[in-house]
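Two complexes are shown next, each including subunit A; its partner changes from subunit B in the first to subunit C in the second.
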Partner chain A sequence: MKLALKLAYKNLIGAGLRTWLNVIVLSFSFVLIIAAKGILVGWDRQAKLDMTNWEIGGGQYWNINYDPYDAFTLEDAHAPVPSQLGADIEAGDMIPVLIAQGTIYPEGRMQSILLKGIDPDQTILELPTRKLDTLVGATPVIIGSNMARANKLEVGDYVTIRWRDANGTFDATDICITEIFSTNVPTVDLAQVWLPMDSLQSMLLLSGEATLLTFRDREKPRDEIANWKLMSYKALVQDIEEMIKTKSVGQSIFYTILLLLALLAIFDTQVLSIFRRQKEIGTYVALGYTRREVVGLFTIEGGMHAVLAAVVGALYGIPLLIWFARTGITLGVTSADYGFAIADTMYPVYSGTLVIGTTLVVLLTTTIVSYWPSRKIARMNPTEALRGRLQ
Partner chain B sequence: MEDNLIIKTEKLTKRFPMGKSEFTALKGIDLSLGTGEFAGLIGPSGSGKTTLLNIVGSLDTPSEGKVIVLDRSIGNLTAKEAARLRKEKLGFIFQNYNLLAVHTVYENVEFPLLLLHIAGTERKRMVLDALEWVGLTDKIKQKPPQLSGGECQRVAIARAMVKKPSIVLADEPTANLDAANSHNILQTMVKLNKELKTTFLFATHDEKVISYLKRKIYLLDGKLDKDETVSN
Partner chain C sequence: MKHLTIILGVLLTLGVSAQTADEILDLVDKNMSSDNRIIESTMIIHGKRVSRTITLKSWSVGNEQAFTEYLSPAREQGTKMLKIENQLWIYSPSTDRTIQIAGHMLRQSVMGSDLSYEDMMEDRELKEVYNAEVIDEETVDERNTWVLELTAKVADVAYYSRKTWIDQERFVPLREELYAKSGQLLKRTDLKDVKQIQGRWFPMKMVFKDMLKDGDGTEYLITSIQFNQQIPEYIFTKAALKQ
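Showing the complex of A and B:
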């Protein structure tokens, strides 16, 4: 085996330019696969992290009627906060959020919005809720930067909102924007206004009620509560995972094609090499190899392209990938295009499993396409091969 | 003679498929070679010299008849056994040298020893000895494309001889060489035949080679024509 490796290496290097062309193309697929997968992993991580920090914490209880995709459910999606959760809320490890439909009237226009009530003292989410504690001439609210831009609102602006209370009666008041926050999570930003929980509860005449409860600790076991749906962290990030999976399929089509091209070049080299190197094959047999062993030798030689590609790929790939991971990659899409968390700049994450897995896949496929044409050697007549007369 | 018999063929017949019919290249050859002979198969092109040499070298098998080489029946060997016979006991020299082009002279000669798993220092000594026999100790780092034809063939001889095989099979070893190189190589082989008692079997129609042979086996149209032993 050691001899075969040495021989294969010598032969490959001896073949010169052709080998290096194959190796470089193969190394492209190598680096590309790792880079592309790294971006997805980084994206997945960052999106989940943003969601955790801005919206879902470690998981949520939803009122049984609550459906985030249907605003009309909101009218009924509230209930008194379950008493058994009181301790958690008291400790600051859980926050109730009340949600209602409303309308905002910036500069005489109108837009449907969600009014979200939250405790200004909460520490679970990154929302700057402390600014809801500001003393101003109207109800203090905070909004996201996309919401602010869409409605040309600025900190300090006063604007009118309108809503229907629990009895179905319309009411209106002025709010004052005390903070505009910037986030990658559109579901806490677009068309939303965050108010102090107490204010919203009294506006809606729903004292002590909530639509959902967000808790901090992901790992802690939670009880099922009647009329509340326990939404685990996993369930809440499922959409992200689904999207990443879809992206991943699209991506793999792209680099599979590149990998196939590289493999085709190696396959071609093998076919040609077996034809051109008949005399050499005959010589190996004359020197005491069985034809099967020569098949093995040529297979190792072909498979070794992958080893060289890994080395070459590492030479330019490692600095490149590290640079990517440091500076990030700007994708030119916004969260709004996707409906959930996407940062402007993605920071790829490369795991050991990713690198080793990719190496194994490339090594395996290269070896297979090298073995395939090499099988022909086993059927060669060595005396004909020695004369170089095989067609 | 009988007890030091190294190659023996009985009614050796070799047929090749030729389209729908068959072509008979060897027609019932009976031949015996003793250890240490310096013999050659002589005959015109197409007479079956190479075919016979290849069968003796276990690169091919007889269609009919018996071929015994070093007490092994060539027709009955498995691929593994045949490969082992070649690896351990046989040396080949070809008309077109068949050296490994990406390897140095040293590595080409070393190759058969690596196949035999001969350890480092011993191996090195054997390689250098073999290169000394053929007078190439000053070219060990060169690669075959940088050598002349005569030098290439000397490397090939060193490669065939390095493991001190029982039999060396040489098919037209001088066909690509000029007269001076041919004589040089033949003298080298005569010397090795004497010193190492290696059996040599040539296939040739080169007068220069024929003049060195101790035994001349003439083939004609796949049959044994004449068998002359040179007395001296």
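Showing the complex of A and C:
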């Protein structure tokens, strides 16, 4: 085996430019696969972290009628906060949120919005809710930067909102923007206005009621509550996971093509080697190598392309990927354009599993591709091979 | 004794006003309500930069059933709306689909006008849901009017209070203002060009204005109106939308 490795290495190096061309192309595949996968892993991690910090905490209880994808449900999606959750709310480990539809009139324009009530003293989410405690001449509210940009609103602006209370009666009041926050989570930003919980409850005539409750601790076992749907952390991030999975499939088509091109070059090299090195093959057999050992030698030789590619890829890839991980990649889209959590700059994350997994996949596929043409050796007549006759 | 006389006088005046207000509303209802009606009209929607004109024909029975067909412009031609009690459907010929308008979609404006779909959904008589009181007398478009203040007497009403200016001779509203519970003015309607049709006075031009929104409002011009006609029952069915 050791001899086979030594021979394979010498033959590869001896092939000169042809080997290095194959190795470089294969190393590109290596680096690109790791870089691309790293972006998805980084996106997944960042999106989940942002969602946890800004929206879902450790999980939520939803009113049984609440469906975030169906605004029609909001009218009935509220109920008194379950008494058994009182202790968690008192301890600050759970926050009720009340959601209702409304209309905002910035600069005389009209836009449908969601009015969301939240306790100003909450500490579970990163929303700057303490600014809802500000004393101003109207109801203090906070909005996201995308909402502010879309409606040309700034801190200190007064604007009118209109809504219908629980009886369906129109009401309107002025609100004052006390803070504009920047977040990557569009579901707490776009077309939304956050108000103090007490104010919204009294505006809607829904004292003590909530649409959902967000809790802090992901691990703590939770009971099912009648008329409330327990949404675990895993269930709440499922959408993002599925979306990343879809992206991953799309991306894998791209790097499969790249890998196939590199493997095609190796396959071609192997076929050419076996054709041109028939005398060498005959000599190996004459010296006592079994045919299987000769096939093994050629397979190792081909497979070694992947090892060299890993080394070459590491030489330029490691510094490149480290730089990439530090500076990140700006995609030119915002979460507002995309509709779900996506940072302006994404920072790839390269895990050990990712690097080792990619190396193994490339090594395995290269070995298979190298073995494929080498099988022909097993069918060669050694005497004819020694003479160098074409078989 | 003198104070008691004043208090009794005030109470009697208030009582008379409340009764008068109800009578006024009755007379207004006689003018404005009918078993059914067929209207051909033009809606001019004044936007910030441009105005759009839409012509439509509508059939209605009481306040509960209504069918409207858009006749022009070409882009809207063939669009139909059907209202049966508190349900509303729209048929779009370009997609050949009928959709039900519900929930927050009811709050959207109709064809970009100052009217929302839910404004069209109100089907209860004012007397059913409001306490009326004459609070003043004013002149509107050179006509003497009573100013009636209507305050909700039931909880489930869209506008908590209204003010309406009623022509003292013709018993036709000449202006209406709709208020939020907070007292904020939300919408104003000016009713003009009052004509006598089939023995009743009726405003042929209405200007709707969402007071929270910029713009010059939406004009609604009635080109022809017929009261108490024979309207086939099938018009108020979903099947009629696709015909």
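In this text, the second predicted complex is superposed on the first by the 390 of 391 C-alpha atoms of A that agree within 3 Å, B and C clash if a C-alpha of one lies under 4 Å from a C-alpha of the other, contacts with A are read in each partner's own complex, and residues count from 1 in each chain.
Please note the rule applied: a residue touches a chain if its C-beta (ideal position, glycine included) is under 8 Å from a C-beta of that chain, and two chains touch if they have at least 3 such contacts.
The model shown is predicted, which means the values in this text are computed figures rather than measured ones.
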Subunit B versus subunit C as contact partner of A:Pro140, first or second or both or neither: neither
Which superposed partner A:Gly117 touches (first subunit B, second subunit C, both, neither): neither
First, second, both or neither for A:Gly57, with subunit B first and subunit C second: neither
Which of subunit B and subunit C A:Gly14 touches, first, second, both or neither: first
Partner chain in contact with A:Arg292 - subunit B first, subunit C second, else both or neither: first
Contacts of A:Gly317 with subunit B and subunit C, given as first, second, both or neither: neither
Partner chain(s) touched by A:Gly282 [first = subunit B, second = subunit C, both, neither]: first
Common interface residues of subunit A - those touching subunit B in one complex and subunit C in the other: none
Residues of subunit A touching subunit B in the complex: 3, 10-11, 13-15, 279-280, 282-283, 285-293, 381-383, 386
Subunit B - residues contacting subunit A, complex: 50, 54, 57, 59-60, 79-80, 82-84, 86-88, 92, 94, 96, 98-103, 107, 111-112, 114-115
In the complex with subunit C, residue positions of subunit A that touch it: 71-72, 74-75, 101, 103, 105, 107-110, 112, 160, 162, 164-165, 167-173
Residues of subunit C touching subunit A in the complex: 102-104, 107-109, 152, 155-160, 178, 180-182, 184, 186, 210, 212-215
